[in-house]
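Per-chain residue numbering starts at 1, and chain names A, B, C and D are given in the order in which the chains are listed.
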Amino acid sequence: MGMRITNAQADAAAEHAVESVNARFGGSDVVATVEHHANALKMAFVRIVAPPQHWTAVAKHLKFDLGTNYCSMVTGTHHPEGGAERGWEVVYHLMRQPVANQAPHTNTVHVAEELQGMDVPLEVEVVLTLPQGQTPSVPSVQSLWVGADWNEKETWDLVGIQFEGHENMHRVLNPHDSPEGFHPLQKQHKIRYHDFNEMYDDAQGFGRKPTDEGRVK
Amino acid sequence: MKDNYDLVGFFLSKDGLLRSGIIGVLEGTPLEESASSLSFAVATFAVVNVVFLLLFFSQFAILWIERKAVARMQDRYGATTALRSLWVGENGVTAGEWWNMLPFGLGKPLGAVNKYLNKNFGNRDEKFATVDRVNNRSWMGKTIVPGFFQNVADGMKFLVKEHMVPQRADRLIFEVSPFLIVSSTLLILGMIPLSSGIYATNPDLSILYAIAIFGIAPIGVFFAGWSSNNKYTLIGGIRSAAQLTAYEIPLLLTLLSVAILSGTFNIIDSIHFQHSAGAWNLFLMPLGAVLFLVTMIAEVERVPFDMPEAEAELVEGWWTEYGGMRFGMLFMAEYIRTYAACFLFTHFFLGGWHLPFQGTLAALLGDSLNGTIEFFPGAIMTLVKSWLVFLVVFVWARFSLARIRTDQILEFGWRMLLPLAVLQVVLALVYRLYLFNPDGMSGQNDPVGGAAWDAFGIPSFVPIVTTVFWLAVFFVYLNDEDKSVNQERMFHVHTDKPAGTVSPGKE
Amino acid sequence: MPMHPHAQPNFRNLFWYPFKITLITALRTFPFIGKRFGKRLGAYHNTSHPEFLDDGSRARAASSAVMNDIGRQEFAPDRVTSDLKPTLWKPQTVQYPYERLEDMEPWLFVPGNYNGRIGVIWETCTACKMCVNICPNDCLHMTTELRVDVLDNAEGENAGLGMELEVGKFAAVEVPEVVAELDSFNHVTAHTAPPEEWRFAEVLDLSGDNATVRWNDSGEEAMIATSELYPADDQIVSGRIDLGRCMFCGLCMEACGFTSFFMTNEYDGMSGFTRQDLWFDASRTRVLPGVHQEAVDAELAKRASKERDKRARKAAKAAAEAAKGDA
Amino acid sequence: MAQMWITMGPQHPMTHGLWTLRVKVDGETVVDTDAELGYIHRGVEKIAEARDFTQITPYCDRLCYVSAMTWANSYIYAAEDLLEVEVPERAEYIRLIAAECQRLASHLMWLGAYGPDIGSLTLMTWCMRDREMFLDLLQELGGSRMHYNYPRVGGVKRDMPVGFADRLVAKVKLFEHRIDEYEMMLDESTIWLVRLQGVGYAKAEEMVNAGVSGPNIRAAGVNYDVRWAHPYSVYDQVDWEPAVEKPTSVKGADCYDRYRVRMEEMRQSCRMMLDAIEKIPGGKNTNYANGDEMILAKAPTRAPEGATGFSHYECTRGASQFYIQGGGDGRGKNPYRLSIRSPMFITIPFVAKTMIGYKVADIPAIMGSFDPCIGETDR
């Protein structure tokens, strides 16, 4: 039969992580909570809300104490009308994966139901909110997880969030010669609906006007 | 063995029809005293033309064999409609009657032939008659050999393609090197005999000549790679040069051992030797045969040793920058070299134009059979043997095996093939000196063939023992499953049975 | 088959196994050898006969011979070994203009499964613009006009079940002199559009047998007997699908609540040389006449039954109030 | 020999898609590499902000065009997390069968491209022949061969057609014999082994740190699989095992291990489909009408303000993740921000670095063994 991590294991791992984070960062305004996904299996995960200046400490704690060895996703979001203290938001998704180097000719076979403690896979979502302003910046975790390197490049390229201490920052998805301040996922760039006429007059140079001029969809 | 179809004899013999006719014509004219040399020149020209055209057009057979065998091996079999599309057209006419564009009405006969073929072989089946603008390329027409002229069509296509020279290419070398390769390849065809009487030239040292000519092409390849001013072709050219030199030497040694065994440097004599000695070289030196094939595959850069032209990283290797008929020539040259390799293997190891067991058959059935054997043209036997060699060795290998990396090719060439080739030369010397008794040789035209290799009184003892010995070696290596290495097969994680052997759903 | 786990490169592996498997694959394709030794050579095409047509399709296909022999098709999981074609002379590929994939493998083109060309039943369309809004690439464009619904005066057992006047909706009044003139109006030779035979107005309230309406053209209000008023609403006049932008996702088919949007099985005939050729108007989005007729009938029956239920419910509610009233 | 930069440019047989790998070469050995992505960046994340939740599915099909079904499923799980929808059991089984069928088709596409990369030209035609079988199955489900737009928030668009189960069993049983043929052709061929073994080493921890996931990491000897680690769908009720390989050297997994893992994964997918089609609730030969509550649950179309949805899904090439911040333009019909995590976007730069030290002829071997798909990389 297939195997799966049971909800109990996930909850236990999440609670352990939350306690260790809250114990370590009790005083400062770093808050860790256990949340549950809303779909059928209701799996538990840890959400940490932290100010950007504590992010490096939280990251080190996650990597070295909680064994989070996999930075999977960095998401930047632009909130122009989110009020003074919520102008930008950077969400890190980190995972703990029970993966270790193997001796030659051997492999580790995890049986999901019997995993305990630090071997139970854990999903961590770290939310950093940045105040309004033109230059949102977050300390880079490129040195902790190599996986975060290209994620941060992409986030800067698309959303425009600076990552201090990130070497060799260059555009990855946009052409290298795109203008300096251009970050497409910021909200001021509305996705311009090419209505029926514009589609044919745009730069690609089809240049032909459709017969029913002026009629929008 | 005397060959009835002695083309060379017919053309070149002094009192032959052609030569005596020419000498007769020039009887009274001032050219009289040089008539014989003139007739010799004309006769040689005729012989060379006939043999070369025979060899060249029989080459389309191997291209057809490769396409059909490959289609079946790759499970996408089916007839190609190339030939039919040439003549089958919308209601009996090929789209556009292009032949009318030919000057001076030269196209008219072509159009007539086309209409005739359309009417008789074309699409006579009404079911597909209602086809509008698409050419009526139905497969209903019957042809003997479906898809035979597909390669001709592909070849001709290159004539109309543009030849571009890369911008800062070394123009002279870029344009000359394909001809260097092609001409050296065609020279090899010059001295390949189809049967004892049908050959263009018969130099005394034809084996040396063949190998020398084979050696020129690598220079052309390297020039092509270097002069195309393209990094990929440079790497391809260097890889090819390294590979060809690495495999040239084992090839030489193998042919040296053939020459030692047959005692001559002439291909035709070595074939006669094989008949009169009573055993084909294949059974005397199977190791040499395998070595010859492996080095030939590397020499013509076909798949297992295909790194210079590796699609994956070098696109087309040193051919990349060529277009137009030069690319067509290179492509044709590759196939001519493969064809020449098959011919050489047939001549050196499979007894050229002799039927298998021709000697023993002649001995058993007496002269009632000998009459018929005379009339069987040796050339057909040579062609069939080389086509089979091409099918089994070159085509089958190309579509079963993958490509070896360049450094592995070189390592395999220097480390494995060279010592084996030297071993083969030693074996050939031993065979020739100790196991061969010259008085067993029969005359050249004696149909029964000799028994030079039957040591200790047992007829053809040496070839049988050699073959059995090398087959035994082959099977020992074939089954060397080293059971000792424990089965670290990836196991089903919960069961201990190896994953591969337990195929779910298999009843 | 002995599977060496991490096969060591050795002489045996150098060529024996790959050569063997390519030989087997080649032998399988020979017409006679392949058939006789198919099972041993790994042809393995088990001839299970799964169901091809669901009941609806089989009922529809009862008449036509072609669809019936589809049922008897010998199903081979992999095209290679189904002996639909002589193997030696026939190219393996389906010769497109002469043979069609739907003849070779009919089970791939079961109606309703394949997202091919869009087919629209323009008659049953009620211009609700659901499809226009759901389309991710905005390929659908529709022009609507205020008209009296043609379907309302349908005959047969569904007669009289059309829309009813409602406050806030539109109504139309016949213009008598135009109706007379229309009989003599020759649509073919006239250079102008036929005069408008209806005069549209918005219904403000339906007190008794008179209704106050506000004319659309002049805007002032009037009182008219409800018997003269015909219900009217936005009807679709012309629609266009830009197949140049369409990605055949099928969302429009699902969004349409009136079974007037289909994705047919057709995969060809949707090409053109300019972008305008890819604009499919009503004439190029037709559906097979049989399917068209079935859809229209089904839609009319559905609307009629819905209308009957509505009226029944209204009558029942009125009766209940009446009963409560006099109780 | 002088070192030179070679551009294995956007249009190159090795790249399996549109991206550039600049390689600094000293003779035959690779000295330095630089990956250049973004050629087919279509801005799906930006478009998604102007579309509502059902309309985004066709765009997610076009993320990785070789395994469209898995990517649409991945997005739909995130949308269901956002809109708090429970999917009926039958719909989960159908999604599992469709995803595993797509995994097979995608692995066959990989093997068909990997063969000619290493030189064996027959593989392309064999793999495409077998892939046709599974594309036919997916065409019966989704309506087209490559992009299906099949899953909906709360279930699937349409139930399995009549006879689908029998055809599925027939094809999967035939394909299991075909895998034996591939393994006879490749597993035992010395030339294949010599080209793949000892090439492209990557350690397990190094890969995890670099964000590599999926079959590539299972080749290094750990059976980590998102299907059991972060469970979704009904993978725990179906008979299967994560395919894991035993690396031959301490330097980690080489190309041969990655090839072996994918072959074994194809077997596991076959096993899973055969088991799932027997256990499907509601019977394998019944066909429910579209929108029936057995295959599609009622789902809201607006997300509450500030709600977020996250899905972690085992795609054919690795772990794909979607993160949706709901409550778009005030009405909540559009996502405020849709973030897509593509496994290959992080694996390609990692692989570019692992190539250093190997030969030029090994570049297609190593790159191909990680099975890059550029559609999902550039989004």
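Rule of thumb we're sticking to: contacts are C-beta pairs under 8 Å (C-beta built on N, C-alpha and C of every residue); 3 or more make two chains touch, one makes a residue touch a chain.
Fair warning: this is a prediction, and the values are worked out from it, not measured in the lab.
Chemist: Which chain has its C-alpha centre closest to the mean of all protein C-alpha atoms shown?
Modeler: Taking the mean of all protein C-alpha atoms as reference, the closest chain is D.
Chemist: So which one's got more C-beta contacts, B-C or C-D?
Modeler: Ranking B-C and C-D by C-beta contacts puts C-D first.
Chemist: Which chain maximises the distance between its CA centroid and that of chain A?
Modeler: Chain centre farthest from chain A's centre: B.
Chemist: How many angstrom between the C-alpha centroids of chain C and chain B?
Modeler: So the centroids are 60 Å from each other.
Chemist: Can you compute the centre-to-centre distance for chain C and chain D, using the mean CA position of each chain? Integer Å is fine.
Modeler: Centre separation, chain C to chain D: 33 Å.
Chemist: Using Cα averages as centroids, what's the distance between chain B and chain D in whole Å?
Modeler: Going by mean C-alpha positions, chain B sits 45 Å from chain D.
Chemist: In chain A, which residues are in touch with two or more of the other chains?
Modeler: Expected reply: 105, 107, 109, 193.
Chemist: Two or more other chains touching the same residue: where does that happen in chain C?
Modeler: Residue numbers touching two or more other chains: 1, 3-6, 8, 10-12, 15-16, 18, 21-22, 25, 80.
Chemist: What are the residues of chain B that contact at least two other chains?
Modeler: In chain B, residues 73-76, 399-401, 488, 490, 493-494, 500 touch at least two other chains, as defined above.
Chemist: Can you list the residues on chain B that touch chain C in the complex?
Modeler: 69, 71-81, 128, 131, 134, 137-139, 142, 146, 396-397, 399-401, 477-482, 485, 487-490, 498, 500-501
Chemist: Applying the document's contact rule, which stretches of chain D touch chain B when the two form their complex?
Modeler: Within the complex, chain D touches chain B at residues 4, 6, 8, 12-14, 25, 28, 115-122, 125-126, 129, 172-173, 176-177, 179-180, 183, 185, 187, 189, 191-192, 194-195, 223, 241-246, 260-261, 264, 267, 270-271, 274, 359-364, 368.
Chemist: Could you list, by residue number, the parts of chain A that touch chain D in their complex?
Modeler: For this pair, the touching residues of chain A are 1-5, 37-41, 43, 45, 69-73, 75, 77, 91, 93, 95, 97-110, 112, 121, 123, 125, 145-151, 154, 158, 171-175, 184-185, 189, 191, 193.
Chemist: Using the touch definition from the top, list the residues of chain D that touch chain A in their complex.
Modeler: 37-38, 41, 43, 45-47, 49-50, 77, 80-87, 92, 203-205, 207-211, 213, 217, 220-224, 227-232, 235-240, 244-250, 252, 309-312, 319, 321, 323, 325, 336-337, 339, 341, 345-346, 349-350, 378-379
Chemist: Taking the complex as given, what residues does chain C use to touch chain D?
Modeler: Chain C residues touching chain D: 1, 3-18, 20-22, 24-25, 42, 44-46, 48, 50-54, 75, 77-80, 105, 107-108, 110, 113-115, 134-136, 247-251, 254, 263.
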